[in-house]
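Chain lettering (A, B, C and D) follows the sequence in which the chains are written, and residue indices restart at 1 in each chain.
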Amino acid sequence: MIKKVLIANRGEIAIRVIRALKSMGIKSVAVYSHADKDGLWLKIADEAICIGPATVSESYLNITNIISAALYSHCDAIHPGVGFLSESAEFVKAVEESGLIFIGPNKDTINLLGNKVEARILAKKAGLDVTPGSFKEIESVSELKTLANKLGYPIILKASLGGGGKGMRVITNDADLEKNFNLAKEEANKFFANPAIHVEKFLTHPRHIEIQLLSDGENVIFLGERDCSVQKNHQKLIEESPSNIVSQKMRNKLKRASIKLFKLLKYQGAGTIEFLLEDNNCYFMEVNARVQVEHPVSEFVSSIDIIKEMILISDNNSSQNMRENPILRNHSMEVRINALSCGTITKFTPPLGPSVRVDTHIYSGYKVSPFYDSMLAKIIVYTKNRQESIKTMLSCLSELELEGIKTNKEVIIKILNNNKFVSGNFDTSLYKEIEKDL
Amino acid sequence: MIKKVLIANRGEIAIRVIRALKSMGIKSVAVYSHADKDGLWLKIADEAICIGPATVSESYLNITNIISAALYSHCDAIHPGVGFLSESAEFVKAVEESGLIFIGPNKDTINLLGNKVEARILAKKAGLDVTPGSFKEIESVSELKTLANKLGYPIILKASLGGGGKGMRVITNDADLEKNFNLAKEEANKFFANPAIHVEKFLTHPRHIEIQLLSDGENVIFLGERDCSVQKNHQKLIEESPSNIVSQKMRNKLKRASIKLFKLLKYQGAGTIEFLLEDNNCYFMEVNARVQVEHPVSEFVSSIDIIKEMILISDNNSSQNMRENPILRNHSMEVRINALSCGTITKFTPPLGPSVRVDTHIYSGYKVSPFYDSMLAKIIVYTKNRQESIKTMLSCLSELELEGIKTNKEVIIKILNNNKFVSGNFDTSLYKEIEKDL
Amino acid sequence: MENLDIDKILDRFENSSICELEITYKDFQIKCKKNTTISQEITKEIVKTKKEEITTSEIKDEKIKTITSPIVGTFYRAPAPDANVYVEPNQEIKKGQPICIIEAMKMMNELESEFNCKIIEVLANSGQLVEYGQPLFKVELI
Amino acid sequence: MENLDIDKILDRFENSSICELEITYKDFQIKCKKNTTISQEITKEIVKTKKEEITTSEIKDEKIKTITSPIVGTFYRAPAPDANVYVEPNQEIKKGQPICIIEAMKMMNELESEFNCKIIEVLANSGQLVEYGQPLFKVELI
C-alpha cells in the first residue's frame, strides 16, 4: 500500500498532488531547486528535499537526485506531475528499477505511445479516425511526393518519435518537398535521436479536442472531451468541457473508440487522447500519457478526482468509480493566468465562492523567477452551460487581484468578451485573428 | 424577466447571491449599514445603497428603507439571504405589495409554516413522522397532565408561533407542570404575541437531520439530507451530506414524504425540513422557508446551484434541473469559522485547490465589528466519503491563515480529530461532552 | 535697543525659525544656536498645520452643519412638481420648518430642520435617490 | 540687563531647544552647549556595526568555505562501516583528496576537496540523507 509519495514537480501541480495525498492520508515529499526555496508546495508537504540548482536539467530533470530523494525519504511511489519527467520512459524505467511505483502508465505504454506512427496504427485499429497520411516511415522524396499528391496540399511532416511541435514542417507545394524532407529528417535526428519522419494531411482551421480517460488496465472510464482551441503559439489559454462543437453522436463515437484504444494498450492511469476536429471529422493526433494541466475541467463535469484515482490505480486499488462511466454534468471552463514579466507579486486575492476553483502556487510576496513556466494560476469555473461559465469566469476575473507583475489577465478578459469566442464558432487560429485587438 | 435584484442582507450570503446574479447576467444592488461601509459585497455588486445605522433594527431589518432602495434603484426583485427578514411574512407582504418579486416562498406559505401546530398537522398528512405530542393548542394544565402521562417525561412545551428556541420549556416531572405551563404561555405571548403553546415528547440524544428541497410550485426535487449535529448552544458548527446515520431506506422514506409535504404546500423556492433523529426514528420538527447557511454541502452533492434555481423559480422560469431528482454523489462537509473577538484581520489566506469552496466576506484588513453575526467564513469540502472529507478539511484548515483576531479554528480542528466525531457515533450533545477538551 | 531683555530675546529666538542668532550691543553680546534638523522642522510644520485644521474644523463644527437623509427614498425640493421649492440657498429658516420631501414607499416624508439656520448649499438634486446618511443640505447655525 | 541670574539662564537653556548659547556682558561671560543629536549618533553606530559585520563576513568569505552536497543521497564519512573516516576536524587536506561518500542510486560517489584546506567542522551525520546544496563541511583555506 502506498504510504508516502514524492512529487517530482514544482508549482501548482505539485500542490495539487500534495493536497490529494493529504486528503487520502498519504505522506508527501516535495522536491525543489535552489531557486524555489520559498515554494508554497514545500510548506504544504510533510517533507521537502532540495534536488539541485535552478537549472531544470540539474534539478527537476535530474533523475538520479529525484530517485535518491525518494529512496532516502522512504517513499513508496513517485508522482511526476505534468511536463518535466512525466513522459520520460527513461525516468519511468529508473523509478521501476529502484523498486518504486511510478504513478502513471508503465514504460512500455509510454515507449509505444512515444512512436507517433505506432500510435496512429493502434488508434486506427481501435476505430478512431486518423488524419490521412502515412502509417510508416517515409523513406524517400519520391515516396513523399506520391503521398503528397494523393493527400493534396498542405501536408505536414512529423518526427515519428517527436512531440511538442518540434521537427514539424508544413509543405504547401511540390517545389518545397525535397528541401523540407531533408530538413525534417535532420531535425528529427537532432531532437529525438532518430531521423524517422512520416506525413499527414495538414488541417488549416481545426478545433483542438481531447478526450480524458482513466484506466486501471482493465476498466476504462470516459470523462468527456475538452476543447482547448484557444491557443497562443500552441500554448493553451482557455479549456472547456463539454465542447460546443462536439455533437452527442460524435461524443459517443469518440467514447467508444477511445475506450477501445486504452483497452488495447492495457493502459494504467490517467491519459488524454488529442484530436483535431475539422469539417465535422475528428482526427486522432496523439496520446498524452500523463495527467494534463487542464484536468480540473474534466474533474468538475465528472465529479471524479483524477489525481486520487491515478494514485489508487497505481496502488492496484482502483476505486468503485472505475466500474462505470461517470455521468457528465453541466459545463466547466479553465483559464490560465500567465506572467508576462518577472518580479515579486505584491498582492494576490483569488476569486472565491461557489462554482470556482483556483489552483495556484503564488501568494502575496512570491517572487516569479525566470527559470520556470510562466503559469501563475488556473481559474476553473463550473456552471450550467457555456454562456454561464463565460459570465462566471468574467465575474471571477473581476474579483481576482494580482499585482506587482504583468499578467495576461486583461487579454483573457478580452477573449472571453470576444464575439467569435462567445458564439462558439471559432478554431485554433482565433488568437492570431484577434491578436491585434488584445 | 428579472433583470436587477436587491440583496437584503450582508456578509458572505450577500456575496453568495451577488456572485450567482453576476453569472446569470442579472444586475445586483447591495445594501449596507453605516458600520458596513467597507463590506466586500458593496465592491462586488453593481450598486450599493446605505440603508441605516449600525443597529440591525434600523438597517437590515428596516423594511421601508430596503424596499425604497429596491424601488428607487429600479430592481425587479429582492433576495432576502438568510436570517434578518428572510422569514418575515410582513416583509414578504410589503415586497409583494410594492410590486417587487420576493425570491422565496410567498407570504401564505411563510404564514402557514410559522404556525408550528399547523406544520405538524400538514407534515403528518404528508406521511412524515412527527414527535408524539399535541396537534392543537393546550388549553389547560389538566389537559397537559393527561398528555404528559401518555407521552412520558421528559416533554417540551413550545410556542405554537415560535421558533429559534425561544419560549421552549422542558419538563421532567408532574410537579413542574403547572408552573411551566403558565411561564411558557407568558413567554409565547411576550415573544410571539400569541399565548398558544403545544407539547411534544422531548428527545434527549437526537441527531439533527434536515432535508434540502427545491420546488417551483409543481415540481419538487430532493437534494439529500444534511447532518448538522455538531452544535454549540444550538449554533451549528459542522454540517455534512450525506449523514452517516441515515440509511438508504430511511432516506427514501424521508424523500417521498418531504416531496409530498412541499407539493401540499405548493411551495416555491428553496426550503429545508428539519428533523430530530433518535433510535432510528426521524421526527419532523419544522420547515425553514428560506435558503440556509449550510446550503453549499447540498450544492456539492447534487451539482445544483440552489441560489440560481431560487432566482429562476421566482422568475417563473424554473430550469430543466427541476424536472427530475438529481443524482446525489460523494460527500460534502462544511465548517463555520467564527470570530471569538472583534478587531482587524491582519492576514487572511484561504485554502484553495480542488474539492474546496470558501464562502466569506473577510479580507486582510477587514474590521470585524460587534454588531453582527460572528461567522467569518464557511469552508466546504467535497470528496468521495466522510473520512476523506474529514482529512481534506483538516488539510484545508492547516492551509487557512486567519490572523489578528481570535477564532474557533483550533476548536474545529479538535472536533474533526475527535474519536467520537470521526466514528460517526455521536449526537447533538457531542460539543458539550467534549467541551472541556477543546 | 531698549528691549535687551534676555528672556524676551530667547523667547523670540525659540519660537522663530532662526537657527543661529548673534547680538552684540556695546559690551553686551549674545550668541545662540539651535539644533536644527530638517525633520524637526517638518514635524513642527505638520503639527502646526494639524492644529490649524483642528481649529478650523472646530469652528466649522460649531456653526456649519450637514443635514443628512434619515431614510432611503427620492429627494424632492418642492411639495409638488409645480410648487415652489421649500428652501433656497442663503434663505434663513426656523427650527421645525420643512426643508424637503423624501418619498419612500409612496409616502411623502417632510423633513424638518432641527435648528434655526441659513441654507448654504443644497447637496442633492430633486428627484434623486438618496441613501441613509446622504448629505442633503449644508447649513450655518444662527 | 537686570536679569543676569546664572541659575535662571541655565534653567532656560536646559528647557529650550537651543543647543549653544554664549552671553557676554561686561566682564561677565557665559557659554553653554548641549550634547545634541543622540538619535543621529545611534544611527551612525548602527551603520558602523553593519559595516563591521560586512567586513568580518568578507574576511570570513575569503578564508572560510562551506563544502555542500552536489547531489541528493546518503552521506557517509567512511568508505565502509568498519573503515576509518576520510577526514577528522582539524585535519589538513589537499585538493583532490576524498572527504566523504554520498551514496545515490546504489552508487558510491566519492566527494573530493576542491582546495587545500583544514577541516573545521563536519556538518552532517554519517548515514544521514543530504539534499542538494546541504552544508557538509566547514573548512578553512590554507
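Following the convention adopted for this analysis, a residue touches a chain if its C-beta (ideal position, glycine included) is under 8 Å from a C-beta of that chain, and two chains touch if they have at least 3 such contacts.
None of these values were measured; they are calculated from a predicted model.
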Quick check on the contact graph: shortest path length from chain B to chain D, in steps? 2
Between chain B and chain C, the fewest steps along chains that touch one another: 1
Separation of chain A from chain D, taking each centre as the mean of its C-alpha atoms, in whole Å: 49
Between chain C and chain D, what distance separates the C-alpha centroids? Give it in angstrom. 57
Chain A to chain B: how many Å between their CA centres? 42
Separation of chain A from chain C, taking each centre as the mean of its C-alpha atoms, in whole Å: 65
Multi-partner residues in chain D (2 or more other chains touched) are none
Would you please write down the residue numbers of chain A that are in contact with two or more other chains? none
Using the contact definition from the top, classify how the chains connect: line, ring, star, complete or other. ring
Let me know each pair of chains that touch one another. A-B, A-D, B-C, C-D
Chain B touches which residues of chain A in the complex? 15-16, 19-20, 22-25, 44, 296, 299, 303, 305, 307-308, 319, 321, 327, 329-330, 349-350, 352-360, 363, 381, 383-384, 388, 391-392, 394-395, 398-399
Chain C residues touching chain B in their complex are 71-74, 104-105, 129, 131-134
Touching residues of chain D toward chain C in the complex: what are they? 1, 3-4, 9, 12, 16-26, 34, 36-37, 40
Taking the touch rule as given, give the residues of chain B at its contact with chain C in the complex, in rising order. 34, 49-53, 59, 64-69, 71-73, 94, 98
Interfacial residue positions of chain C with respect to chain D in the complex: 4-7, 10, 13-14, 27-35, 37
